[in-house]
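Structure first, then comments.
Naming follows writing order (A, B, C and D), and every chain is counted from residue 1.
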Amino acid sequence: MSLHVDDLLTGHRPSRAGAYRLLQYAVLLVGLAAMAAVTMRGLQPGTRTWLHLCLWACLAFFAAQLVIKVWPRGGAVGQTNYLFTGPGLIDTLAVLPIPIALLAGVPADTAWLLGSLWLLKLAAVLPGLSLLGRVIALEARPLGSVLVIFLIVLVLGSVALHVAEREVQPERFGSLPQSLWWAVTTLTTTGYGDAVPITFAGRLVAGIVMICGLGVFGLWAGILANGFAAEHRRRDFVRNWNLVARVPFLRELDPTAVIELTRMLRRIDLAERTVVVRRGRPGDCMYFIAEGEVEVQVEPQPVRLGAGAFFGEIALLEGAPRTATVITTAPSTLLILEVSDFRAFTAMHPDLALAVEKAAASRAGIKKSSAATNDQSDA
Amino acid sequence: MSLHVDDLLTGHRPSRAGAYRLLQYAVLLVGLAAMAAVTMRGLQPGTRTWLHLCLWACLAFFAAQLVIKVWPRGGAVGQTNYLFTGPGLIDTLAVLPIPIALLAGVPADTAWLLGSLWLLKLAAVLPGLSLLGRVIALEARPLGSVLVIFLIVLVLGSVALHVAEREVQPERFGSLPQSLWWAVTTLTTTGYGDAVPITFAGRLVAGIVMICGLGVFGLWAGILANGFAAEHRRRDFVRNWNLVARVPFLRELDPTAVIELTRMLRRIDLAERTVVVRRGRPGDCMYFIAEGEVEVQVEPQPVRLGAGAFFGEIALLEGAPRTATVITTAPSTLLILEVSDFRAFTAMHPDLALAVEKAAASRAGIKKSSAATNDQSDA
Amino acid sequence: MSLHVDDLLTGHRPSRAGAYRLLQYAVLLVGLAAMAAVTMRGLQPGTRTWLHLCLWACLAFFAAQLVIKVWPRGGAVGQTNYLFTGPGLIDTLAVLPIPIALLAGVPADTAWLLGSLWLLKLAAVLPGLSLLGRVIALEARPLGSVLVIFLIVLVLGSVALHVAEREVQPERFGSLPQSLWWAVTTLTTTGYGDAVPITFAGRLVAGIVMICGLGVFGLWAGILANGFAAEHRRRDFVRNWNLVARVPFLRELDPTAVIELTRMLRRIDLAERTVVVRRGRPGDCMYFIAEGEVEVQVEPQPVRLGAGAFFGEIALLEGAPRTATVITTAPSTLLILEVSDFRAFTAMHPDLALAVEKAAASRAGIKKSSAATNDQSDA
Amino acid sequence: MSLHVDDLLTGHRPSRAGAYRLLQYAVLLVGLAAMAAVTMRGLQPGTRTWLHLCLWACLAFFAAQLVIKVWPRGGAVGQTNYLFTGPGLIDTLAVLPIPIALLAGVPADTAWLLGSLWLLKLAAVLPGLSLLGRVIALEARPLGSVLVIFLIVLVLGSVALHVAEREVQPERFGSLPQSLWWAVTTLTTTGYGDAVPITFAGRLVAGIVMICGLGVFGLWAGILANGFAAEHRRRDFVRNWNLVARVPFLRELDPTAVIELTRMLRRIDLAERTVVVRRGRPGDCMYFIAEGEVEVQVEPQPVRLGAGAFFGEIALLEGAPRTATVITTAPSTLLILEVSDFRAFTAMHPDLALAVEKAAASRAGIKKSSAATNDQSDA
């Protein structure tokens, strides 16, 4: 019982990786802004020079990033392998194309536009693109089907409109490629209005194309959204599974119950000094700490809880408002168990309710004694 | 058995809170209309004066609202805490900015536009915004991923179009910011038509951007809609759970069954004097009264049912049309159990069917005797 | 075994109700077309007269419809009650407004535009509108929340754009109502292009409004689509439940199994002489006949199956292609049990598989004998 | 144990059917491009001749395709039946209309536009259109309801706008058909901007129509997307079921477990020489080979696995990174079992985990001995 929760603390000090990432984003933002500014007309020559300097600085930063990553360390030459992974490719694309284009004689204004590839660095950080790639691979068949339907409507619609309007508006629907352009803008419901049918037949076809557009769009959207949601659910399951394994008393549940619980939990990432629950508010969920640390603001002195601990269970067990404010003291990942899931789960697995109650009771006992600590993790 | 259902009655008299809320909405509407009217050109000076008077009156109303809420009552000074909660912040935003702007020398026409912040009062009443905030917090990862994909398509598309069109339409695609504007209107499928590509390459890129727009939109819509629906389901579960606890004979079911039933029930809020079921219509659901009161129009005299009672079960049990018209006599919240769920539920938990049948039978007995009351709640 | 399936036949003769409905649709179509044509300029006076005659004829038809329905029959005066039901109201709206408007001195061209109310007759026939009404009632809270979010974005966006653009484009964003119009067209991603921001600040706000538009739209679409799908599922369950009760050997299954099966079945309505399954094609489902009649084209003479019978089970049991072509001989409603559901179901409830096999075997035996009949319904 | 996995190999050599299909796509692409090019103005007469030659060649190719398919083979005359199937109809539509139109005196430019029907060949290859047809048949009721709502909003909206705007903009809203055109472009949120309301009443109506457009669109999209997803799931189930039957040790599971597993598995089609898993990467799923062949790159020599085998289970069982890179050596279809499903499944059916572990252990043993083969399929 002498173990303080501070022992459980991980990553409390301001993280260097976070600062480095912020720096990278700042460089990215400055670089893209400079790239956009340099294309504007009527710039002062001085401003122009400064913008170019800025762009060169960004390029140098990204080049340095790449060099650091591929630099042979610990006697290994294998680091060049990095260039052939996804992030390595993106890092290379951020550095090489611009000098190559400049050397190849491309005008500076055009060459610097390749700086837009810097944006791909965002894709390497966020899990979105790899997920999207997987969704597209798994849903290739239905997406392909919808694409074919899209193409058929597109071509038949543009042929029909070409026939209906070529006499009346030869400058807009005179050739099939022009008519195809109209069909694309209409089928996606963008509707620029630069080419608009004026004959009765043309408008009838256009109406049908628009309604088909809604249908095609609906199919497309539904398939992508379903696939994306399913992928995220699977990925979360794997993460939650690993986190659940760290909470000691959950390990004692039987495997089916753990599976079920893992499906119910939802992850939330919080920055430092975020208020998680506020005293006196109604409580509708309890929290398990997967990573990070929180401070429970109770008297006589605040209690710190680290990874593996839980809080917020009193509001669930007693249906009372929150009894204390809880604030993160480090960037934290929490697992949320909603009251609806808690009740559904404990109805079928009363052992969790017992375990939570026991832990809560022992915590209350500890609080009453002067040792303001929480230690399910060594129970 | 002497207990009359009127004893169960809650909130039968026209509610003051409702009237106050309606007044608030009226003031809000008048204020916003005056704010819009005052910006129109060619107003008579007299009209202008009246509109300004109207705006001042609205401001005074909202100021009074705020003062009443923070005024120290019962010797407590703690009421100023209210200013730091969500609704308090909204109330403050509705009152302070306009006088501050006027004092700071902002022209009156511009200062009164801050009255648009009054609209946030709606957000404080409806549960929508807090829900949306929670959905965004929970789905931050996938939404962030989609945002990054959106940004990448946006920037790459606008760079490509800038390159393709800058020679031909320098006034529309001559700089990257102009090209970005085009990309935003196209990627969201808004398509104003103020900037439209005319080269073949430009149109090809535009077509791809539009189709990506559909995909991005689909992902975005799907994630938000799923998250919103899930949040609502959870919130409803908690509400229904509390309401189910008030219906006496449901309490006797075993916990798993209660969980299941809670998931099946759907809430509906009805105004006073609404017809819930009409005699002779086919019946496809039964109702539990969570709050409020209804009147069952049977002979010899109508029966009133209050919170905790149920009705409409005869149509389900016997497959017959509704035997009586039921009308709310107060603003009521009902829980609906559909016939499909009723049958599915009773197939697995025959005890509910028995309980309902017993209660229905005893009620029929009571009806036959002269005591026109329903009293499961004290059974 | 002497019962022929023709005994089970219902509604084999061309239905009068169907013909009457078709007539009503034709009158509706002609009426709406005439209404549209009469508004066109440059019509010959003769054509005009003919169109008006046509409109009067349609009005007379609808008036006759109404009179027939409210005409006292069988000595009852209660028929006027019909006027206060939904369909009665629609019928009245189709007849009365036009003569009233003409008598009130409204010009004929405008009065006849009230003929657009005839279209509501479609709503009375199809179950769509009542469903939609119910969905809106049940999902009123989330839809209301989204509406409030929509309004807040709308007003704040239009105020911001008014401030940003009123100096530069006073004729488009000079007053708040004008700016609101822009905001509506943008937030719904319609984008007419009649009012387009040109300042940097205006375009930034516009971009945010567009992206919010996608979000709002996604929420709206998701809530409506989910609610509509759920409502349809419930309604189908009730219908299927009643139909399942007609299939004799399904009645012997235990209640939980019947519930499950009812959820799996899918209804399909087929016109007369439609090919349901074609000999030699792979079979992926079996069919139960809920209403109508089909003809199984087997040697030596075709077999007719009526309501309560099933077919297509051989392909499922043996994994072989369809052994005979089946054609509807009357408008029929079939219940489809997919192979995936059949296998999932029979894995958990082997009794259905046994029942189907037994029935199939007895049918095969009957086929081999000369009695070309199917008679599970009297087994 | 002497059986080498090469014995299991199917379809390793480059497939002729694939090459033929590619040729067909190439002809299709060339034909459509020529069809589009021939409509452009200002073509050289020489180019024109070449394009026409190209079109004739494509037509000849498709005619040859058709002739080959209907040519009497093996003494059967029944091949003409092919013309009355779906694909036969599409093949006929690709060949006959153009010569018929030319013979009927239609100008060549117009006649060749019928070449757009060639695109339907894509529909015959991909499963999309038949699926879509089935979805539309099954969801006919809700889709019909939404269509009626769409029509009602369309007509009422256009009548209202006609009344509001006919005085002010007679050239745009002067007649009902013109007003209908506006309503279609608005309700689908296309918004060309060729007809825009300018009166206050007109804009109010337009705003309502746009918001209804979002709702209608949402319903439409939701119904189609749900139906399409459900259809795909069913079709996949049937395919997976057949594939699961080929994996020997899965056959020993009890039927309920097989159903459940079949639902969890996801198909993925991979081209030849695709990297399936890469050594050292974290493993989040295991693979069953349904068709094709893969090569596991282990020492001392790579192992080939054919249909019925599985791999990737070590990463799941031990939570370690992938121990070897696996590459397809032929176009393959794999069934993926995600770690989340694997854990959920083995928690309830420990026999699968045992079977996988046993097979994995025996494989490890085989690897340690010099026989670098995998042979669960004859275990």
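In this section, contacts are C-beta pairs under 8 Å (C-beta built on N, C-alpha and C of every residue); 3 or more make two chains touch, one makes a residue touch a chain.
Bear in mind that the values here come from a model prediction, so they are computed numbers and not experimental data.
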item: Most distant chain from subunit B, judged by the mean position of its C-alpha atoms; value: D
item: Same or different residue numbers at the subunit C/subunit D copy interface, by half rule; value: different
item: Centre distance in Å when subunit B and subunit D are each reduced to the mean of their C-alpha atoms; value: 39
item: Intercentroid distance (Cα basis), subunit D paired with subunit A, Å; value: 27
item: Contacts with 2+ other chains: residues of subunit B; value: 177, 189-193, 217, 221-223, 225-226
item: Of subunit C, residues touching subunit D in the complex; value: 32, 35-36, 39-41, 110, 113, 116, 119-120, 122-123, 126-129, 131-132, 150, 177, 181, 184-185, 188-194, 217, 220-226, 228-229, 232, 266, 268-269, 284, 338-340, 343-344, 347-348
item: Of all residues in subunit C, those that touch subunit B in their complex; value: 137-138, 140-142, 144-146, 148-149, 151-152, 155-156, 159, 162-163, 170, 174-177, 180, 186, 189-193, 196, 200, 203, 206-207, 210-211, 213-215, 217-219, 221-223, 225-226, 233-235, 237-238, 241, 255-256, 258-259, 263
